[in-house]
Amino acid sequence: MIKVGIIGATGYAGNELVRLLMNHPETELIWYGSKSYEGKKYADVYRNMFEITDDLCSGDDLEKLSQEADVVFTATPQGFLAGILTDSVLEKTKIIDLSADFRLKDVKTYEEWYKIEHKRPDLISKAVYGLCEINRHLIDDSVRLVANPGCYTTTSILALYPVVKDGIIDADSIIIDAKSGTSGAGRSAKTDNLFCEVNESIKPYGVGTHRHIPEIEEQLGYAKGDKIRLVFTPHLVPMERGILVTAYADLNDDISESSVRECYSRYYDNEKFVRLLDPGVFPQTRFTKCSNYVDINFRIEPRTNRLIVMATLDNLIKGAAGQAVQNMNLLFGLPESTGLEMVPVIM
Amino acid sequence: MIKVGIIGATGYAGNELVRLLMNHPETELIWYGSKSYEGKKYADVYRNMFEITDDLCSGDDLEKLSQEADVVFTATPQGFLAGILTDSVLEKTKIIDLSADFRLKDVKTYEEWYKIEHKRPDLISKAVYGLCEINRHLIDDSVRLVANPGCYTTTSILALYPVVKDGIIDADSIIIDAKSGTSGAGRSAKTDNLFCEVNESIKPYGVGTHRHIPEIEEQLGYAKGDKIRLVFTPHLVPMERGILVTAYADLNDDISESSVRECYSRYYDNEKFVRLLDPGVFPQTRFTKCSNYVDINFRIEPRTNRLIVMATLDNLIKGAAGQAVQNMNLLFGLPESTGLEMVPVIM
Amino acid sequence: MIKVGIIGATGYAGNELVRLLMNHPETELIWYGSKSYEGKKYADVYRNMFEITDDLCSGDDLEKLSQEADVVFTATPQGFLAGILTDSVLEKTKIIDLSADFRLKDVKTYEEWYKIEHKRPDLISKAVYGLCEINRHLIDDSVRLVANPGCYTTTSILALYPVVKDGIIDADSIIIDAKSGTSGAGRSAKTDNLFCEVNESIKPYGVGTHRHIPEIEEQLGYAKGDKIRLVFTPHLVPMERGILVTAYADLNDDISESSVRECYSRYYDNEKFVRLLDPGVFPQTRFTKCSNYVDINFRIEPRTNRLIVMATLDNLIKGAAGQAVQNMNLLFGLPESTGLEMVPVIM
Amino acid sequence: MIKVGIIGATGYAGNELVRLLMNHPETELIWYGSKSYEGKKYADVYRNMFEITDDLCSGDDLEKLSQEADVVFTATPQGFLAGILTDSVLEKTKIIDLSADFRLKDVKTYEEWYKIEHKRPDLISKAVYGLCEINRHLIDDSVRLVANPGCYTTTSILALYPVVKDGIIDADSIIIDAKSGTSGAGRSAKTDNLFCEVNESIKPYGVGTHRHIPEIEEQLGYAKGDKIRLVFTPHLVPMERGILVTAYADLNDDISESSVRECYSRYYDNEKFVRLLDPGVFPQTRFTKCSNYVDINFRIEPRTNRLIVMATLDNLIKGAAGQAVQNMNLLFGLPESTGLEMVPVIM
């Protein structure tokens, strides 16, 4: 059994990690790290866990945890992991980081967008960007540090990667209009996230300034082989889970729907967790809910020769905890879908 | 592998049955019965199933199905099963019926509340009322027909059974105020169930006339050893899943909280799927969501010497599909929780 | 024009007061009191008010405000008004208090249930309990202090007053099962009130301990002419506005539906804001939304001879701001429904 | 008093029309047309109206109605009005049509997008497109037929009109990503609009094929003075009311935020119902809810030199019934905002 610890186990992504790891046949969860609730029963924080675990919340002593765990998931605020990570820790355990600390290869970009100094820029190069469908070949037993992609990022990159990589669209014309459920905003007590402020309303936020922008640009830039600039607008939707990305781009040439479909098929037909929907069927967030699937489809708008790509996933699973487990499976040589074969729950 | 067929696979309870059976290690689902969608791909009706099953919907030929399946789940309208069930079918297969056709032992009561003639009253005595926690000893290999309890019923009976059985409350003083999510109303296209009619509103319905009343009275009557009459008021809540029952009754004597707790503990401490919550912690539907758990707690109102009992469950799982699978496990001698060990999903 | 000030203008009830007073033909709103936002534009706190008012939030200096306003609404935390109210203030202005400070006539009961010392018990006797339909005769030009009833209280008392007053039910058998939207929990940033904690769930809370209990008991006690004890259980519903009360009581005698209806008719047929629904039509919160109406209906459960009464209202209007304006109208000799003739908004 | 009739009074837009007209000081509502509910009490269909109106639903006899009413609102399915409208009717009454029958000036475009033959193409030229802020000068006493714009259309056109008209953006680069509440889908009983299908999910629909596309293109084409082609993608959001449009376009030149703001100010500063928000404040649907306002703001994405414009409104008010009343006010020479001065309701 793989011994697993979590730092940040009482956030929403942390809670999903706990739930997934409880169902995972090859892991033993030994550390429910939560600074705010240290010493309290985990099941008293999340009462769905009543009679399922009696374990107490531990603190955030990564050094100690690294001596006990084979792998540590950090679902912590930006800057936290970079502030405490040491070579010694990485020698003793593997880290799968759900924060943004090691996602961006360019430390200047990180500091510019996140407005914090990066404490361990030297470790960035050791981290693998854990978007499994793209970087699977880089994620194996030898890796010590995985930067688990963000939720908006995973949706956006998987939606566009094939057509950027194959040069079907003009990558500099990309516009991503993204819609997210409220769990993406986390569990901290903010007026803006109260039921009465969120329900029965939709709003854009972080317009042109959201921190996932450079992450999407960097990764799609690798696909293109050149720097790109795109527009990304996130919106808050009155629902708990789910992300929908609607992306727009200019087609480089006159190209048929079937050629575009052939391109997506080539990349995704063998991907268990990416489902290219049938022609004319558009993704709905509820059909990926509580699962690790990404649903994708597209349409060519013939009057303007633009491509419209739509993709959905569950922001807490494939956009966070599920992808983290997928990365863990790769790190430990397990079948990639171990513990992740959940059928989506439509409601 | 147990060969399983479903008639009524495209309703909400049917869809949950499909999902649970897909995750069940001992079953093979061979028949997705749906008269309305016969011949259509099941995954085209429920797109969460895309790339998970390619099977087509079958019809409702129970005779034919009984030759192929070891067990058949019927999630069909009232009167349907009683209208087609034959001795020959019951010789060839087992039936777990999610409708009300064989729940009430008194055929007159059935006909009075359901306003339909019962076509096979002779089979009623062969059916076992499949409330596993109460009737487990009756559900075994020899049983051919299980009447799977309703959702309101399961919640109400499990909430009150111990204190009725032990004579702690006056069973004729019981008032059950029940609140249900909207999936309980089914998937048929009715104006009353449109998003804009249900959302942001709560309403009582079927006040004093709901068909689950005689079922609760009959079963709690067995506990008491005498006929009882109670008040039951269901309400529709703007949420998808979940039932909360708040029940009130007069205490027969002055009795302490700890004595009542001791009573509940005696009945439920060994029940995997019934969780008696810690003192002062009240059930919330979201902590049982997507699981087979029932959460129960109570409080004595000392100023009026009344008992308030609260219970929650997921109406589609423990209130329908989950309990049906639990019954199947008992019928086939499997560990009762096989395929039902889902950790509740809080959102 | 009546000069009006509000202390607590940035809570949800305060915001509704502002909105109602803006539509009121006889008032001028001169003071948007909000300690937390003092000096900030009101429309920057509530952006629905953009280009409608440019006024800034004022503080909570009641002494100063009393010199400028003809009437002051206080939508403030428990204990606040009792802590600052003086005879001098009451000489200069009238106060309509939306908090509980002057609702209970028995100061001991107040201190026991609210766990705070009452700073001005001497003023309690000067306050009129402003449930207009019951106490209209007491609310006139001479009154300086109105205790505006709570939301659960208004619903519960209006639902039961006629049948208690006329001795139709046994008042000591009353059980009130109440369901409220989330705006009743206020606008403060608490984890429990986050969208992801409230949505898709229903829960009981304050079981047997909610502070509206003694208020309901006191007022219904006046109706009966004797002290009563009742059971009251509030529940939080995943919606923004609305309260539904389902109340149960033993009928004192065999009595027909038409006799009970005659009783309700006698009390309410001339009440503009109380609508006794047609037989067989049960209240839904959405049909009173954004209005000052209370919808009531009942059913006799013949098998147990119990009365089931159901009532709904908008907790922010008739349960708070609307009723406060109704009281103001009475205090200033205006037609009672001035500024309150809103047609309910169904969605 | 203006005598008003409605055909289609029991749809959601019809119900809002009824509610607005009840609050309107200059109108008398004499005809609640509803073929499905003819002869039934209107308040039995919409119980919010109980004790507010006792009127019965009338049928859809436009000829008869035209003899009694000064103005008729038709909130009817596509093709209905064009199928029954006669010159004689238009001589006797004015028509404000909330359907699409007379919105498009090019009958071929109408027939192509709506897939129905237009029965009275000769009347199209008599209809004024009633987007009041743009076409106010055309809407006066002499007009007999107003084509009331669609909800998506109103939002989209008002969002983009100034920058298209002034040549600030390249109109052929426009991409409109629109999000709508579910009331826009109407009140007919369809499985797709059930609570359990809509709640907790977001989905695109009609991608590249939605019928509002030619309407937006035609009107913005007039602004540009040339035909344009744009991309429009609608999405269904799990809420009842509200539309948010997020629009993207290439800026024609390097232009500063303040210059763009100056452009919008020029068009909208004197418009009561269009609110250009403060810099950095983005629209949220809830701040226009239950009002006739449109909230607009924009941001220049400097890295790609694109303009992002965001606009919200209440689809049932400014997107349907409110705008229809605004048109009526213009037709009858009343102040344009009569009966429309509702303060938005935030929840």
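We call the chains A, B, C and D, going by the order they appear; numbering starts again at 1 in every chain.
Throughout what follows, a contact is a pair of C-beta atoms (placed from the backbone, for glycine too) under 8 Å apart; a residue touches a chain by one contact, two chains touch by 3 or more.
What you are looking at is a predicted structure, and each value in this text was computed from that prediction instead of being measured.
K.L.:
Looking at C-D, B-D or A-D, which pair matches A-C on over half of its contact pairs by residue number?
P.N.:
Equivalent contacts to A-C are found in B-D.
K.L.:
If I rank B-C and A-B by number of C-beta contact pairs, which comes first?
P.N.:
Between the chain pairs B-C and A-B, B-C carries more contacts.
K.L.:
When the centre of a chain is set as the mean of its C-alpha atoms, what distance in Å lies between chain B and chain D?
P.N.:
Distance between chain centres, rounded to whole Å: 46 Å.
K.L.:
What is the distance, in whole Å, between the centres of chain A and chain B, each centre taken as the mean of its C-alpha atoms?
P.N.:
Centres of chain A and chain B (C-alpha means) sit 37 Å apart.
K.L.:
If you average the Cα atoms of chain B and of chain C to get two centres, how far apart are those centres in Å?
P.N.:
39
K.L.:
So which bits of chain C are touching at least two other chains?
P.N.:
In chain C, 12, 183, 196, 199-200, 238-241, 284, 286, 289, 347 touch at least two other chains.
K.L.:
For the complex, give me every residue of chain A touching chain D.
P.N.:
The touching residues are 172, 175, 177, 179, 181, 196, 199-205, 207-208, 229-231, 233, 235, 237-242, 244, 246, 248, 282-286, 289, 299, 301-304, 306, 308, 310, 347.
K.L.:
Along chain B, where are the residues that touch chain D in the complex?
P.N.:
Of all residues in chain B, those touching chain D are 12, 182-183, 187-191, 193-200, 238-240.
K.L.:
Considering the complex alone, what residue numbers of chain D touch chain C?
P.N.:
12, 15, 19, 22-23, 46-52, 183, 200, 240-241, 275, 277, 281, 284, 286-291, 295, 342-347
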